[in-house]
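Chain nomenclature is as follows: A, B, C and D, assigned in order of appearance, with residue numbering initiated at 1 for each chain independently.
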Amino acid sequence: MQTTIPLVSRDPSAGTVPLSIGPVEVGGRRLTIMAGPCSVESEEQILATARAVKAAGAVFLRGGAYKPRTSPYSFQGLREEGLKLLARARAETGLLIVTEVMDARHLETVSEVADLLQIGSRNMHNYTLLDELGHATRPILLKRGMSATLEELMLAAERVAAAGNDRIILCERGIRTFETATRNTMDLNAVPYLKRATRLPVIVDPSHGTGLWWMVPPLSRAAIAAGADGLLVEVHVDPEKALSDGSQSLSPQAFEAMMSEVRAVAAAVGREV
Amino acid sequence: MQTTIPLVSRDPSAGTVPLSIGPVEVGGRRLTIMAGPCSVESEEQILATARAVKAAGAVFLRGGAYKPRTSPYSFQGLREEGLKLLARARAETGLLIVTEVMDARHLETVSEVADLLQIGSRNMHNYTLLDELGHATRPILLKRGMSATLEELMLAAERVAAAGNDRIILCERGIRTFETATRNTMDLNAVPYLKRATRLPVIVDPSHGTGLWWMVPPLSRAAIAAGADGLLVEVHVDPEKALSDGSQSLSPQAFEAMMSEVRAVAAAVGREV
Amino acid sequence: MQTTIPLVSRDPSAGTVPLSIGPVEVGGRRLTIMAGPCSVESEEQILATARAVKAAGAVFLRGGAYKPRTSPYSFQGLREEGLKLLARARAETGLLIVTEVMDARHLETVSEVADLLQIGSRNMHNYTLLDELGHATRPILLKRGMSATLEELMLAAERVAAAGNDRIILCERGIRTFETATRNTMDLNAVPYLKRATRLPVIVDPSHGTGLWWMVPPLSRAAIAAGADGLLVEVHVDPEKALSDGSQSLSPQAFEAMMSEVRAVAAAVGREV
Amino acid sequence: MQTTIPLVSRDPSAGTVPLSIGPVEVGGRRLTIMAGPCSVESEEQILATARAVKAAGAVFLRGGAYKPRTSPYSFQGLREEGLKLLARARAETGLLIVTEVMDARHLETVSEVADLLQIGSRNMHNYTLLDELGHATRPILLKRGMSATLEELMLAAERVAAAGNDRIILCERGIRTFETATRNTMDLNAVPYLKRATRLPVIVDPSHGTGLWWMVPPLSRAAIAAGADGLLVEVHVDPEKALSDGSQSLSPQAFEAMMSEVRAVAAAVGREV
């Protein structure tokens, strides 16, 4: 690969450069666990989920306020109302917030609540949005596009860095292949590859990477064993009633059980949760 | 497929509903040929190309002013200056203009010059942009995402229609596969599939679909034979000096030769140029 | 591409080298149409289909005696009995026979009936079978593997040629991609690519390439417009009762209608049926 | 998925059914490590590698005698001579032997030396070979085809079982996708999926799954963390001089280092080496 990525490439002597977000350091010895529902649905739902994921070891609450849904007739998120609910969960639990920004015009509003701005797979190639992120006051969680090559993912990160914001975390979330048994094909090759080619922390989203809740724990363990710096996991207090992605969401109990497995694997590879 | 696309779906008794853009009817018996350079580079380049493609039978001049390039360090287009050059080419030749809009904030400016607003592959999943297009005063050329299913392409069109603008043309431009001999894999299955499932005109971009200029004529003939309503073709007065996509651009001479082949195939399937 | 394929590569001054099989020349001005059922099912079925496809312009009868089915519990073909029925159809109609050989141990038996030995997609990478074909007394129809690159297809042909049999026809039959609306993605880029890189005739199988009978006519027209030397099409006297592949089989009436469209396109590109 | 796979499907109350091969139990608490060169090249090479992988914890020696190479002009393996060398390595070290059988006609010869018969990716769809394996006296290591769905892999195993041999191990070895940074895309989703859907042990080949030696340790750790029952790893005494696959082969030193990492992860998930 002959890609020129001067800003996000790795200094061979330095390895991953950890990124500080509030009290959390992403990319260091301690893993960063981000968990929460696909969509913010109600105060009750987001607060209950926040308490549960915090108790199990998460330091970030994830939750979509603006939702990129394939059909225009599906639930599109609570939007500003969702952001307010995330702020409430943050105030109550102390969890940091990661949530998606879909449009440059929402950047300021979302940044008031979010500690970390998620760029979704559908927008990894949205270059005018990436350019705007250069001026963002928050760090960026950049998810790999559904069929983006690793080179393209790195170039998207380079674009954000070139625009002025080099506080970036990369996220592998599964790619589109011929396989239909799972929603996507989790590409864990991406983890050591990106860790070697860039200085950026790399986390993994096994919920979208598999699409099936019972596959999230084994793939979470695998991601950590492969060297990932953290996880982004969908957890819902009542997965069967979720307005989106219920089939890939863990219950709080399943998430807690998974976290103890993740702790064991983390220790085996010299990390901790 | 159980997709709900009430607005763009087809009335079985009606077939494709032609779309009028100025004097041109897209989706009727006459094919719509759109041709021009990947990027607007200079007045000389765009005017010379415009004259050449008009002489050969094109009714739309294509040309990128805002360019979505994978690397932030590549040429990103002449932007407003490029739009002015397109307007000049339009004034001189009478060709209609199709050019890409990458950001909702450019919508008004681009619409002053463009007769047809191109949404590029990288933005087919950019839902906030699609929503804005509902208010656009111009019709939309919606290109298929690099790994978008046909269902997702139809849902993206439905989103634009649901937002208020049902004047849409679909464009197949090749999909991402394992094959590396060509830039993309042209999916001509898409043509009869989309023509049957929707009422929208369908055109084909063999330049991106193949990535190799010498493959553009055979795939253009094939697209027309498969039932496409038109072509979107890259033509450059001097392909070897093009600032982008030179290897897939036809010279004016090659384009003219191709057009006579396309005319013959069109006649064989009951169409004309 | 740096592939070394000395035996099947093209002499730039010569173009495709036509291949004579009995009275038929494959790869010349006249297109070669091969048609018939997926599987030979009964004397009545194969004879009725043979008469119908001959009347419509086919010169080869296709029909599977040995069937590679994904499930071991599906119908696996009539085997030797199927070969006898093909021989009967050949004797009655004068059509040449193309049928699949799945195993080197069947080579002699199949060669007694077949004028052209089909190697199916699942066996394109079966190198011991390819090596045996070097000693075959019949020419080979080599189908592209489901995810074989064009380079791998050419190397498979080179292997047969290196083993002693350079009488080979290549067949594009669709590749495996993420798209689920169609059975496979027909890759018509393959046609001009293979015609330029090799001296071998190239035919197209739109039945497997689409998986839907109503898409076979437009893709057949497209294949011919792209420069293919012929077609391999599934036709069944009663598609709804077919033991395999009924949904992608044309009725004799639909095949006849398609053939008149194919004739028109062929004429437009300087070919004839 | 509606696949009917009565013979290899899982009894929900039983989980994976371990398979005994000599003193080794595959699919139990203890992981099964298979390691060795891509190709058997010489007595010196195979014996040195065998001693090294045994010392590091392998219980099977892998090594190709018959090699399925994409180009007919590449090294095709030492064949019978290679089998003799494997027998010698077995006699000296006590390692069990796993080696590929490419053709039913080699089945008896290979079975004299091999304790486990490998069916390579290129032959997963070679149904006449699968049918013959029903009569084999040895268990089968069935590698997933390059673009085989998990359903097709299970059906291929079912075919072998239906033919009379239900002693089968499945092997995930990476699938073909658009990504070019790695040789294949390792699909670790396959591990929990196959373990849940079938009663068969599942192992992983990270050498082919990545194509890059430095990615083999992290992906090996990941495979074990995901629940795999073992690994199939390419190790060569002098990777830079390997006649095939050198870039994905580990040196004995790198393999030994990796094994201690694998041991730690195995312990973390309740397994041992």
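Note that in this section contacts are C-beta pairs under 8 Å (C-beta built on N, C-alpha and C of every residue); 3 or more make two chains touch, one makes a residue touch a chain.
Everything quoted here is computed from the prediction, not taken from an experiment.
Asker: How many hops, at fewest, get you from chain B to chain D via touching chains?
Answerer: The fewest steps needed to get from chain B to chain D is 1.
Asker: From the C-alpha centres, identify the chain that is farthest from chain C.
Answerer: A
Asker: Rounded to a whole Å, what is the gap between the Cα centroids of chain B and chain C?
Answerer: Chain centroid spacing, chain B to chain C, equals 34 Å.
Asker: Quick check: how many Å separate the C-alpha centres of chain A and chain C?
Answerer: 48
Asker: Report the inter-centroid distance (CA atoms only) between chain A and chain B in whole Å.
Answerer: Their C-alpha centroids are separated by 34 Å.
Asker: Check each residue of chain A and list the ones that touch at least two other chains.
Answerer: 147, 176-178, 180
Asker: Give every residue of chain A touching chain D within the complex, in rising order.
Answerer: Residues in contact with chain D: 1, 147, 149-151, 175, 177-182, 185-189, 191-193, 196, 209-210, 214-215, 218-219, 221-227, 261, 264-265, 267-269.
Asker: Would you tell me which residues of chain A are touching chain B in their complex?
Answerer: Chain A residues touching chain B: 3-4, 68-73, 102-105, 121-123, 125-129, 146-147, 152, 155, 158-159, 162-163, 176.
Asker: Flag every residue of chain B that touches chain D in the complex, lowest number first.
Answerer: 147, 176-178, 180
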